[in-house]
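Going in written order, the chains are labelled A, B, C and D, and every chain counts its residues from 1.
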Amino acid sequence: MYESTIQIRVRYGETDQMGYLYYGNYALYYEVGRTDAIRQLGLTYKAMEESGIALPVAECNLQYLRPAFYDELITVKTIIKELPQGAFIQFHSELYNEQNKLINKGLTTLVFFDITARKKAGIPPILQEKLAPYFSPNI
Amino acid sequence: MYESTIQIRVRYGETDQMGYLYYGNYALYYEVGRTDAIRQLGLTYKAMEESGIALPVAECNLQYLRPAFYDELITVKTIIKELPQGAFIQFHSELYNEQNKLINKGLTTLVFFDITARKKAGIPPILQEKLAPYFSPNI
Amino acid sequence: MYESTIQIRVRYGETDQMGYLYYGNYALYYEVGRTDAIRQLGLTYKAMEESGIALPVAECNLQYLRPAFYDELITVKTIIKELPQGAFIQFHSELYNEQNKLINKGLTTLVFFDITARKKAGIPPILQEKLAPYFSPNI
Amino acid sequence: MYESTIQIRVRYGETDQMGYLYYGNYALYYEVGRTDAIRQLGLTYKAMEESGIALPVAECNLQYLRPAFYDELITVKTIIKELPQGAFIQFHSELYNEQNKLINKGLTTLVFFDITARKKAGIPPILQEKLAPYFSPNI
């Protein structure tokens, strides 16, 4: 299992007239979490895309447990539970508020997509290499 | 079953550097579909909220089948398959591109929430009344 | 002078906790207005970009006169007051609410940018040709 | 003069198909800068709003000098050049990329607005008190 954590402060423009973080903005928070998860591995999603592999989203499931409010510092935990085998990679997201309450959780499935060939690819070797130690039988 | 349809043109600012409608913006399209579904019933979501019932989202599941591009006219179909019984209402969304290909589908579950009492409520009677004919045994 | 008009309904996710259309979202409305202004000329901004000319924004000035609210149908008037001479084109935007009150006005300056050459360009001949009749001395 | 600095990393969802930070998203960055400017004074914009003074935007002028790209760490400098006298407060924003190049600058004018009275107000005394030392004749 691989896990990383980043904090995001809720912007005024991300709230809606209910006074909540708008439900559509959680996908952005998940994305920030994924980008940072890859960075903490010593790679960047940006470099991966420049090397020819994009990661469009295939599916996203979000559960809203409690609202988030303007100016709250949200902790976004991003977890990869399984080493990707085929063309897909799954990121679990858990969001906690300042009282450390779980406010939202989700699962996003992305596709390794070869930009030049315009088709699904496997996991880039460099990402596989960086992730493998977290899934070794001895850990 | 109750069903409504609205069209949305993809804005430049809604695309990302992949050239796709950003995955996080589909939730906005679902919302536009839901708002219009209620309007076509002869109500408005706005009036419902002003009467004291808000509809925060409890869960949202999105499947991304094909990309959507800048300036495409997307058809958003919004479907209520079951008359709400308790505190929840479910909207199915189906998005079609100009070639009439299904590009995205999703399911959003919202809660009838009493703003004053700060707790779950049932379906507002006026909404129940407007929806009922679509779910009568004879239709 | 060339002028076009389009209507945009304020989305829930575009409001903020003040209950207003968030100030940062007006730029999106201006963009929708510009895209439609070009479409009503018989061109598309999309095709122009695909032909190698992008239109990054150089400057944008926005004045907020009255708030806009969720579900309001906003009329966006887009005006080109002068035929572009050099590398820049200016669009004036005026937004009106359902009571026909002016709620916002702005001026956006964009650059004709040659994507391949990576430098400023002049107005594409096809756009010049379509716009010219609106600026002829006899009109 | 009062000045504060915060860093923002460009999100994937904030880019557009040109590969640039979308021009409409800079207003969000300005807002993050303003919120943090007030926080660094020992106040919060949130508390100010809860105490009855909101700060809707009256005018915003943005100049785009260079593009910003996905994953860049942008430094947002927020400057108050004059102690507010009447109902308005002005924030200057300067954005720098990782090469310390100025990429964007802007000026945002906001109104002190009394939420209960529904009219313009003056600067809240607590904000006046916190800002005053930065504008004393001896500094």
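Descriptive notes on the structure:
In this text, contacts are C-beta pairs under 8 Å (C-beta built on N, C-alpha and C of every residue); 3 or more make two chains touch, one makes a residue touch a chain.
Since the structure is predicted, the reported quantities are computational estimates derived from the model, not experimental observations.
More inter-chain C-beta contacts link the pair A-B than the other of A-B and A-C.
Rounded to a multiple of 5, the Cα-based rotation taking subunit B onto subunit D is 180 degrees. Per-chain CA centroids place subunit A at a distance of 34 Å from subunit C.
Centroid to centroid, with C-alpha atoms defining each point, subunit A and subunit B lie 25 Å apart. Touching of two or more other chains is recorded for residues 12-13, 18, 23-25, 27-28, 31, 70 of subunit A. Taken together, the subunit A residues at the contact with subunit C in this complex read 12-13, 15-19, 22-25, 70. Of all residues in subunit B, those touching subunit C in their complex are 9, 11-13, 27-28, 31-32, 35, 44-46, 70-71.
Those residues of subunit D that touch subunit C in the complex are listed here as 18, 20, 23-28, 31, 54, 56-64, 67.
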